[in-house]
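Below: a set of structures, written as structure tokens.
Here subunit A shows up in two complexes: once beside subunit B, once beside subunit C.
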Partner chain A sequence: MDSALIPEGAKRCSFPKFTIGIAIVGAVLLWGVFAMFLCWFKGLNQTNMNDYYGFALWIWADLAVIAVGGGAFFTGLLRYIFKIDELKNIINFAVIIGFICYSSALLILAIDIGQPLRGWFIFWHANVHSMLTEVAFCLSAYFAVLTIEFIPNILENRQVNKVPFFHHLAHNMHGVMAVFAATGAFLSFFHQGSLGGVAGVMYGRPFAVREGLLIWPWTFFLFTWSAAAFGPCFTLLVTRITEAVTGKKLVKDNVIHLLAKISGWMIVTYIIAKIIDTIYWAMVTAPSLGFTLSHFYSNNGFYGYWILIAEIVVCGIVPGVLLVMKSTRENPTLRLVAIILGTIGVCLNRWVMVLQIMAVPVMSFDTWALYFPSWQEIATTILPVAYGIILIAVAYRYLPVFPQEQELNPVEPVTE
Partner chain B sequence: MFPFCFEWVWDIGHAIFFGGFWYAISILGAGMTFCILKAAYDTMNDSGDSHH
Partner chain C sequence: MKQENNNAHKFGMVIDLDKCTGCGSCMVSCMSENNVPFKEDESNKKDSITWMSVYKLTNGKSFPDTEIAYLPRPCQHCGGKGDHGHSPCVSVCPAVATDYGYDTGIVSQIYTRCFGCRYCMGACPYHARYFNWWDPKWPEGMENYLSPNVSPRMRGVVEKCSFCYHRYQAARDVAYYEGRDDIEEHEYQTACTTACPSGAIVFGDLNNPAHKIHQIVKPDPHPDPRNKHVIGKSRNPKVFRLLERLGTNPKVYYLSEREWVRKQGDSYLDGEWDKIKNHHGTSSHG
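Our next item is the complex of A and B:
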């Protein structure tokens, strides 16, 4: 039915099977859209946010998708600026994942502000003393970069590419992609960093506050670094999931190994910096503000030392070591374990830096404030996942996303 | 956002924030304008040698 749109030489499932799959995920999407409209029409009383949790589950999801979406800017930087040619075989997919992550982040923000029709106020009436203003600027501009990077892939659709103007446009956009990639890296550095900076400058929250360099707390640099380190892990994870669902090898091993190796070294260097930062905060910063380390990890039913160990050791050191060592990196099972742990690790870091900050008691009369999101918050947080699955399915079906797919999966000619 | 907005102030904060923002937007706009104009030019001349 839609065979004219499918990339030449590529094999796809039947249209009815594809439609059923999209319909199932689409039902989840609609559930999220319903919750989104509830929040818009009835207000933020639909959530369990309160005076403690002005930043709730959404903001964790927002920071998490931005972090894992960092694979797009970092892979683009490596491909177009550092000229690592092998990565051309995965850059399209990294861009699509980044596009999904950043559009999801903007959608989450549109829900979170409660009045999406006033979203433009942050540009028009900008507070130039706020790191979040910088985040909003860079996030919007970087989403434009990702859209620009995604457009050539769309224009390479079998039918669209027959139109001469689109064919030339795709070609020309490829020609200047390095300029867009460099702009994207510049924007990503600042918005990833400023998201961390927001936590680091909260001097009223001893769990978050950090020293730093000039106006930037160390969390600024740690957030950028972690996004560049763990973003490629998520790209590799989604690639692996896509391969499992399609039952095909889509990217050659040498490309996967290279990206995994780069990610591994980035994780190792990041986690060393993170450990130094944590020790200094625990030994110097927090005590100078009248707190001991145990204050942040005891006297409550959820946040214990386990979360610190899980983030730094299990989901930081372990994936870093597994990806740096050639023998474990080239073992598919151990590599999969590493990229799953890495993805969980960066999400856990964002959870700690958004939600645990809000939960820790600050005043002597405070108690731990544990929070559970409402179903509307959960539905709107799952919404981007469903949207991402649908966009990846549609892109994979109709666009030449993986340049090595045909070579790795030759279609045998039909003999009658 | 613009100097004609009532809350605009000619200070270092506005210069850095909006300077950076407009700088990035200008690069993206100029890049896309170049690509679109060149694609129109190539289409009219239809060189037929563009492969990627």
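Our next item is the complex of A and C:
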């Protein structure tokens, strides 16, 4: 039925099967959309947030999708600026994942603010001292860059590409893509960093506050670094999931191994920096404010030392080492374990840097505050996942996302 | 932007915790004065709006040694690190919806500017900021009791104690009408101050030596030699501020004869309190 739109020489499932799959995920998406409208029309009383948890699940989701979406800017940087040519075979997909992540982040922010119609105030009445202002500007600008990076791939659709103008436009956009990749890397450095700065500058919160360089707390650099380190893990993970769902090999192993190796070294260097930061904070910063490390990890029903060990050791050192060592990196199972742990690790870091900050009591007579999100918060957080699955499914079906697909999966000629 | 003004006020408050009975009059008067909306069920204190909130402190000892103190907590109107006006909340608000008044020291909240991101709430360690999770509603007929001098807030924005700023404006209007340049101490008093039956709250200008608050607090204008971010540390050994060590520089001070109460103002490592409990503003040693 839609065969004219499918890339030439590529094999896709039947249209009814595709439609059923989209409908199932679409139902989840509609559930999220329903919850989104409830929040917009009835207000944020639909959530379980409160005055202790002004930042909660949504801000974590924002930080997490932007961190894992970091694969787009970092892969683009490696491909176009550092000229690592093999990565051209995964860059399209990295850009699509980034596009999904950043559009999701913007959508979640639009739900999260109490007065959505005033969202533009952040640009119009910008406070240059606020990290959130920098986030808003750079995030929006980078989303525009990602859109520009995604357009040539869309124009390569079999039918669209028949139009000479679109064909040439796509070709010329590819030619200048290095400029956008550089712009994207620049913008990402700042907004990933500012998201880390959001926590690091909160000097009223000893769990969050960090010293730093000039106006930037150390969390600024750690967030950028971790996004560049773990973002490719997520790109690899989604590629692996896509390969499992489609039952096809889509990217050659040498490309996967290369990106995994780069990610591994980034994770190892990041985790060393993270450990130094944690030790300095625990031994110097927090004690100078009257707090011991145990204050942040005890006397409550959820946050214990386990979360620190899980983030730094299990989901930091372990995936880093697994991806750096050739034998484990090239073992498909161990590589999968590493990229799953890495993705969990960066999400856990963002969780800690949002929700644990809110949970820890600061005044000596205050108490821990724990929170569980409402179904509306959960549904609106799952909404971007459903949207992402649908966009990837549509893009994979109709666009030449993986340049090596046909080489890896030759279609046998039909003999009649 | 910081504005140098030698005639600037620095309004603040000192609360005598030995006089406070925890009656809650300050909370009630504040809600009434400032048109604070309320819910049918206010049992969940984490999503109810109370610009002035009273905390219960205990010395942690069992009977018969148990002691109790009540600590009223309005917005602390922090001057921020070095007292430059970069309060924890003001510095993070992305839309300048909360601002620092260099002529008064008061941290304002501009309700029509706030778009409800709640970053300020996360940054405030005192939980002095409240979000309007619901539309403001009052029982039928009660709208008639609302103060015409204070605008009610809409759903989806943050609000907090303003040190009854409308009273300051009213006092200035009177002074202007009478041809005076400035206002008298008694002309500008917050609702909680006037409502407190035991006189535990003293409000005034920390910069004015004639004001009672200045005489009680004796604020040290120099940076604390132990922490350069701390300005305005009290030279009165019985006076302390909440979380002074963080460098937030609140303008709300607390007074107590009881050492265990003063100790609860900050967190201390083991043995630290005994070393620094007698450290007050520098001039007290001079």
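Basically, the second predicted complex is superposed on the first by the 415 of 416 C-alpha atoms of A that agree within 3 Å, B and C clash if a C-alpha of one lies under 4 Å from a C-alpha of the other, contacts with A are read in each partner's own complex, and residues count from 1 in each chain.
Please note the rule applied: contacts are C-beta pairs under 8 Å (C-beta built on N, C-alpha and C of every residue); 3 or more make two chains touch, one makes a residue touch a chain.
Computed from a predicted structure; not experimentally measured.
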Subunit B versus subunit C as contact partner of A:Gly54, first or second or both or neither: second
Partner chain in contact with A:Trp225 - subunit B first, subunit C second, else both or neither: neither
First (subunit B), second (subunit C), both or neither touched by A:Val145: first
More subunit A residues in contact [subunit B versus subunit C]: C
Contacts of A:Ala126 with subunit B and subunit C, given as first, second, both or neither: both
Which superposed partner A:Phe99 touches (first subunit B, second subunit C, both, neither): neither
Partner chain in contact with A:Tyr303 - subunit B first, subunit C second, else both or neither: neither
Contacts of A:Thr183 with subunit B and subunit C, given as first, second, both or neither: first
Touched partner set for A:Met358, first subunit B, second subunit C, both or neither: second
Contact residues common to both interfaces of subunit A (with subunit B and with subunit C): 124-126, 129, 133
Of subunit B, residues touching subunit A in the complex: 1, 5, 7, 13-14, 16-18, 20-21, 24-25, 27-28, 31-32, 34-36, 38-40, 42-43, 46, 50-52
Residue ranges of subunit A in contact with subunit C within the complex: 43-45, 49-55, 112-116, 118-119, 121-122, 124-127, 129-133, 136, 198, 201-206, 287-292, 295, 357-358, 362-366, 369
Complex contacts: residues of subunit A adjacent to subunit B: 123-126, 128-129, 133-134, 137-138, 141, 144-145, 148, 164-176, 179-180, 183, 186-187, 190
Parts of subunit C lying in touch with subunit A, wherever the complex brings them together: 44, 46-47, 55-57, 71, 81, 86, 88, 91-97, 113-119, 121-127, 129-135, 154-158, 242-243, 245-248, 263-269, 272
